[in-house]
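Consider the two complexes below, in which subunit A is the common component and subunit B and subunit C are the respective partners.
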Partner chain A sequence: MNRFRLRLEPRSDLPKWLPWAVPVGSFLAALVAGAVVLLITGQNPISVYARIVDRAFLSQGAFTGTLISATPLLFTGLCAAVAFRIGFFNIGGEGQFVMGAIFGSGIALKMGADAPGVLAVVVMVLCGALGGGLWGLIPGILKARFRTNEIITSLMLNYVAAVIATYLIFDSESFWRELTGSGAVFPKGKLIPDVAWFPKLDLGSIIVPFGFLLGMVIAGWLFVLQRKTRFGFEMRVVGGAPTTARYAGMRPTRVVIAVAALSGALAGIGGAVDVGNFRHVLDPKGLQQSGFGYAGIVVAALARLNPVAVVFVAILLGGITNAGYALRGPDFPAGLVGVLEGLILFFTLGGEVLARYRISRTVRLGESDKALEPA
Partner chain B sequence: MSINDNIFLVILASAMFYGTPLVFASLGELLSERSGVLNLGVEGMMLLGAVAAAWVSTNVGGPAYVVLPLAILASMVAAGLGASIHAFLTITLRVNQIISGLALTIFAGAAGLSSYLAGIWHLGQGPVRHQFLKIDVFGLADTPVVGPLLFHQTLLTYLSWVFVIAASVYLFRTRMGLHVRAVGESPQTADSVGIPVARYRYAHVIIGGSFSGIAGACFSLMIVPIWVDGMTAGQGWIALALVIFGFWRPDLTLVGAYLFGALSSLSLILQSRGIQISTAFLTALPYLMTIVVLVVVSNSARRKQLGAPAALGKPYEREER
Partner chain C sequence: MEAATAPAVAAFHVTKKFPGVIANEDVTFDVRVGEIHALLGENGAGKTTLSNILTGLYRPDEGWIEVGGIRSEFHSPRDAIAAGIGMVHQHFRLIPTFTVAENIALGSGHDPIGGRFDLAAVEDRVVELSRSFDLPVDPRAKVWQLSVGEQQRVEIIKVLYRDAKVLIMDEPTAVLTPVESEVLASTLQSMARSGRSVVFISHKLGEVSSLADRVTVLRHGRSIETVTESDVSALAALMIGREVESVSQSSAGIPQRVSSTSPTVLEVNDLRALGDRGLVALDGLSIDVRAGEIVGVAGVAGNGQRELVEILAGLRRSSSGSVVVDGENLEKGSTRHPIRLGVSYVPQDRMGTGLAPDLTIAENLALKKYRYRPVARPPFIRQSVIDADGRALMEQFDVRAPSEKTPTRRLSGGNVQKVLLAREMSNSPKVLVVASPTQGLDVGAVVTVHNLLLEAAQSGVGILLVSEDLDEVMALSHRIAVIYEGRILDVIQREHADVHRIGLLMGGELEETA
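Up next is the complex of A and B:
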């Protein structure tokens, strides 16, 4: 009996087109797999996909909605991309995002209606970065000092952050909570003053939120930071070979702590932007339901941890998310967004392997075929 | 007022009730990790199990003693299929285990396949038809102290005890268990003495995943016997922490699961008795405790002593030998 086995052999040469072809090919393969799921469950994949594309990018105002959905993903995507690049698996983007929202909304309420608009926006962004950065610092320090597994600690802190946000709005009479009007009956957050509402860039048919522009600028800055600076070089060495880094006189623990804080700060800015640009209140339930932190990991993985690519992937996944919201209803399958995201990620991961290795099928000859073997 | 209304007994009994899914899920993850594969897809696999069990319980005709075992079986198959994706990606293709596991949770989780299937099957419009109820074993439920703890639980809780004992015996008293631990500790060594590393890993990832399925079924057939999107509410992540919390040992994992079960039911019980306590603090406590325990066990020498599989998270390439 012949037995086939898959064997992976490292590729010696990488064709130039491969790094581009792999994500595109993986994406298409994921769409095909998604179509199979839709077909099995009695849906028409072509019409479902056509509706997604229409409501994500083509129809009136669709792209504006897509940018709104893409903005938080852009920040959490950058958060994951920066951390994963050095092998620090920060799964805590979710919690850092929430802390950014708490800090951002808190300072906006504190500054009140008399603060100059520009100052309010800048201070909110900085406070968001502070909140998320501090939250990201915890798993970073624990990892660097005690070698504690950052995956679980950052994950646990997501829940702690969610508990804090819920406490501020539902279980206490905190500064964040609206206690007058309808807020006295149904717990909800205080609306931040108009001056702290982030601007939007009106391009006629498309409205670009300020938060998205900010995210693009930060993505560009991160790209330069990683490629052109000493710190970026240290990040690459620590990520690739921590022992080498130590021999070269770098301090991996410091790099880990700095990157953990940076990663958290990015998600935190996302949280402040989410309050300033869109929600205008601290909304624990809404934050919990949206799961931006986890989706950010998908974004980062699909962007192959490249900050600039994160921008484009965020728009793509933001489009799918936006279409999912817009089409939500009895004739559109719920949960399809997650299925597609998961499939895209599975195929990208598999595709990466195809890019790095050549797959060969070796045939092992069984006992009965021994005679065929050359002597 | 009988002694069985004593607040500690009530808390303990409900800890066992709410802790049951955690026992199954963490036990499954433990098997997977003992073979060297970290699977962050627990939450997603639990939801797959929950939705499959809810479908069977609602749609398959027949008496409860036929339908409920079928529902459990379906939950194991559904979650096992999910786990096999992770197994293929991480064992055969040697993909990063962290990202692959996360992908599984996103694919199958609260906004993914489980909610997709529930929508298509029109679940969640009413309670499931059959559910696991607490049974009065030998009529001993009213026995002082031990009655509510040992003789008034659901079948799933008793099943979880069987699983814990079986897993302990399997891992530490059988040849195969020794092989699993060898594969998780040093796949090279295991391979050199002829243990099929990949086969062991596949088996344990998939069987471990199917345990997560039962954990999900605990939610849809026992705790909240009606389908709700994302009903496992993050317990899959807790299960991951519990494996470390229990030092990769089935018996200690059970203790940890009940501790978490107690904490999650504590605030409700205390409030129903008029004791005012901050629910936020109580809710956050398990997560904070996990972090503290992780820090304590994270010293690598101590980790080894405590049973952390040395090759956890590392793909095995035979050629490297």
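Up next is the complex of A and C:
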């Protein structure tokens, strides 16, 4: 009897199409697995998917909503992509996003209603970058100086950031908190003045939030930074071969710290954009529920850490999220969007194995004494 | 076949393919009972794959194995051990914090894990085995306390403890001093006398011819011939398929001495440093190199060589002492300063330290000049310049690869080393520090590397050649410095070099005379 066995062998070379085929294939596999879940719950997967596509991209105003959902994912996706690229596993996008929101809303409130609009927007973005950047710097320095595991430190700092935001609105009479009107009864943040509301670009059928445009520009800038600059060259060497980087006269600890701060700043801008473009208020509960930081890791993984691809993946996942909001109701499972996102991440990470290894079928030696060629 | 005359172990028509490589093709050979059998071949000839098949680590794609005349199929190393085949790997598989006896018991069925076991009985058996095969080792010593030679003895006892009838050793002398190698040889002979069989894998012609009863030569994955030949040059011809250009011939053109007026380009004074484990690695080491001179540092691995070269490259800080390059003091702990002063460094760990495996050949060639014009136009780098420079250097140093954009991890060992040498020699260095430059390379690549080093010396570069391969050091160096426990015991002029004396110095058997 011949027994077939599957085994993984490292790929000796990578076909050009493979880096693209694997995430696309993983995504499709996730849809198939999601369909199984839907069938079990008594839904028709085809019609559910058709409705998702419709409410995410096709119907009136759908794409606008999708871009709104995609904007925070775009920033947290870039945050994860740039850090993971050098092997700095920043799981702290969540907390850096919150710090960006705290800094961004704080400066908007401070500047008040008389600040010139353009200045208000620019200063908010910079302060968001500062807040997130400082928050990202902490695990960066700890890693570079003391070899602390950045996964743990950045993750823990997420909770710290969340608690700070909650404290500012619920547990103190801070500068951020609205203390008049209904705010005297129900704790909530102060609304930032109108001048600090980020503009929106009206293209007729689609309204593009300024934050999304900013994210696209930053994604392009990151692409150039990584591919065309000395710093990008150093990032590539440090990421793949830190010992070699040191040998070549680079300073890996500085590169790691700089990238940690950059990564945090990207999430921080996301937080400021979230306040400026959509919420207009520091909203700790809303931030916690949305979990943009963690979703950003999914985005970065699906985009294979390519900043330009992050833009498209953010739109895709933003669309699913958006459709989830729109379709939520008695006939639509509320947890489906979460299940789908989870499946997509699961299959993407699983698919990475196929990108690096090939599956070969071997046959155990049988009576015939001859091994068959792998099919 | 009768059991009495059946070979202890034999392979028939064994073929093993890996993606893109045929490691073994139609290999057939047999090992007799009580025989010392050598598997001779260049690097990449398929020796290690074959031994992994014999020990159940790989399964052959085609062909089969017989043990004692009976066809056997190994699904795992456990099956091979059960069939009486044991392996001593080149890199030992011992747990440093365990004692000798614990290491030997581990995995033998008398595991200390998960219950009580009779350690005293294991220790007794270890003592018994070490007596009968002249393998002195203390069963209660922790493995990290042992020298490399002692650890190898532990590995051998481990195999004997499992009642192996066939012992396979992968490059057993690679890590040993000459004296230790002699002891190993007599151990192997006594094992053969006791009716066991020994298969040892080697590419060192000398030991193969003196030790082996029969030799199977592997070339490009095929078994070429099994011979009783003991003539070194005949074996060499079989191994590489042509007459060997011996190392000493390739270096015949070098002058005996470098002029005493030649300026000193590297001066190391009373260098002290700690190793990774906080123990003293360099203990007042001094050495100097003149322009155009090759100074060889001979010694057994782990006597401070790594620490010395890492300090020269700025990768490690010394605790005291100085390094002077062409009259200028080397800053401590800076990797840029040595580069600026013209110290080039070819590390032993080529892929892990010298190159970024995922980057292209051209990018790796630019690794030390990406920061400066014309490669850089701050803040940008010019990929076109990197690629053009890369192509030129590949041409000049005969790096064989599909293109300059090929990732370096895809290159063979020889080409990897050529990329490294191309980068380190093309930036007009004053001092070139090379560590084990030909380790793991095949004969052709060895000759190329040696010639490159000789050319560099002739053009006036001072070369510090650190190598565990004594033949290489003897062949290339104007002066030979023997390192032992972090000190240079003696520096010997090439014409006075005497292998026996250097061997004793390497083993710390002679007092220093320097």
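Here is the rule we use: the second predicted complex is superposed on the first by the 356 of 375 C-alpha atoms of A that agree within 3 Å, B and C clash if a C-alpha of one lies under 4 Å from a C-alpha of the other, contacts with A are read in each partner's own complex, and residues count from 1 in each chain.
Note that in this section a residue touches a chain if its C-beta (ideal position, glycine included) is under 8 Å from a C-beta of that chain, and two chains touch if they have at least 3 such contacts.
The structure displayed is predicted, hence computed values, not measured ones.
A.B. asks: For A:Phe89, decide between first (touching subunit B), second (touching subunit C), both and neither.
C.D. replies: Touch status of A:Phe89: first partner only.
A.B. asks: Once the structures are superposed on A, label A:Ala21 by its partner contacts, choosing first (subunit B), second (subunit C), both or neither.
C.D. replies: A:Ala21 sits against neither subunit B nor subunit C.
A.B. asks: Count the residues of subunit A touched by subunit B and by subunit C, then name the partner with the higher count.
C.D. replies: B
A.B. asks: Taking the superposition on A as described, I'd like to know which of subunit B and subunit C A:Leu213 touches: first, second, both or neither.
C.D. replies: Once the two structures are laid over each other on A, A:Leu213 reaches no partner at all.
A.B. asks: Just subunit B (first), just subunit C (second), both, or neither: which does A:Phe231 touch?
C.D. replies: In the superposed model, A:Phe231 contacts subunit C only, not subunit B.
A.B. asks: Touch test for A:Leu126: subunit B only (first), subunit C only (second), both, or neither?
C.D. replies: In the superposed model, A:Leu126 contacts neither subunit B nor subunit C.
A.B. asks: Does subunit B (first) or subunit C (second) touch A:Ala33, or do both, or does neither?
C.D. replies: neither
A.B. asks: Considering only touches as defined above, state whether A:Gly249 meets subunit B (first), subunit C (second), both or neither.
C.D. replies: After superposition on chain A, A:Gly249 lies in contact with subunit C alone.
A.B. asks: Taking the superposition as given, does A:Thr148 touch the first partner, subunit B, the second, subunit C, both, or neither?
C.D. replies: It touches subunit B, and subunit C stays clear.
A.B. asks: What is the shared patch of subunit A, the residues that subunit B and subunit C both contact?
C.D. replies: none
A.B. asks: For subunit C, which residues are in contact with subunit A within the complex?
C.D. replies: For this pair, the touching residues of subunit C are 18-20, 59-62, 64, 73, 313, 315, 335-336, 339, 345, 347, 349, 352-359, 363, 367-368, 370-371, 376, 378-381, 383, 410.
A.B. asks: Quick check: in the complex, which residue numbers of subunit A touch subunit C?
C.D. replies: Per the stated touch rule, the residues are 9-13, 228-233, 236-237, 240-241, 243-250, 358, 362, 365, 369-371.
A.B. asks: Per the contact definition, I'd like the list of subunit B residues that touch subunit A in the complex.
C.D. replies: 40, 85, 89, 92-96, 98-100, 102-120, 229, 234, 237, 240-241, 244, 278-280, 283-284, 287-288, 290-291, 294-295, 298-300, 317
A.B. asks: For a test of understanding, state which residues of subunit A touch subunit B in their complex under the given definition.
C.D. replies: 6, 8, 37, 41-42, 89, 91, 142, 146-149, 151-153, 155-157, 159-160, 163-164, 166-167, 171-172, 291, 294-295, 297-298, 301, 333-339, 341-343, 345-346, 349-350, 352-353
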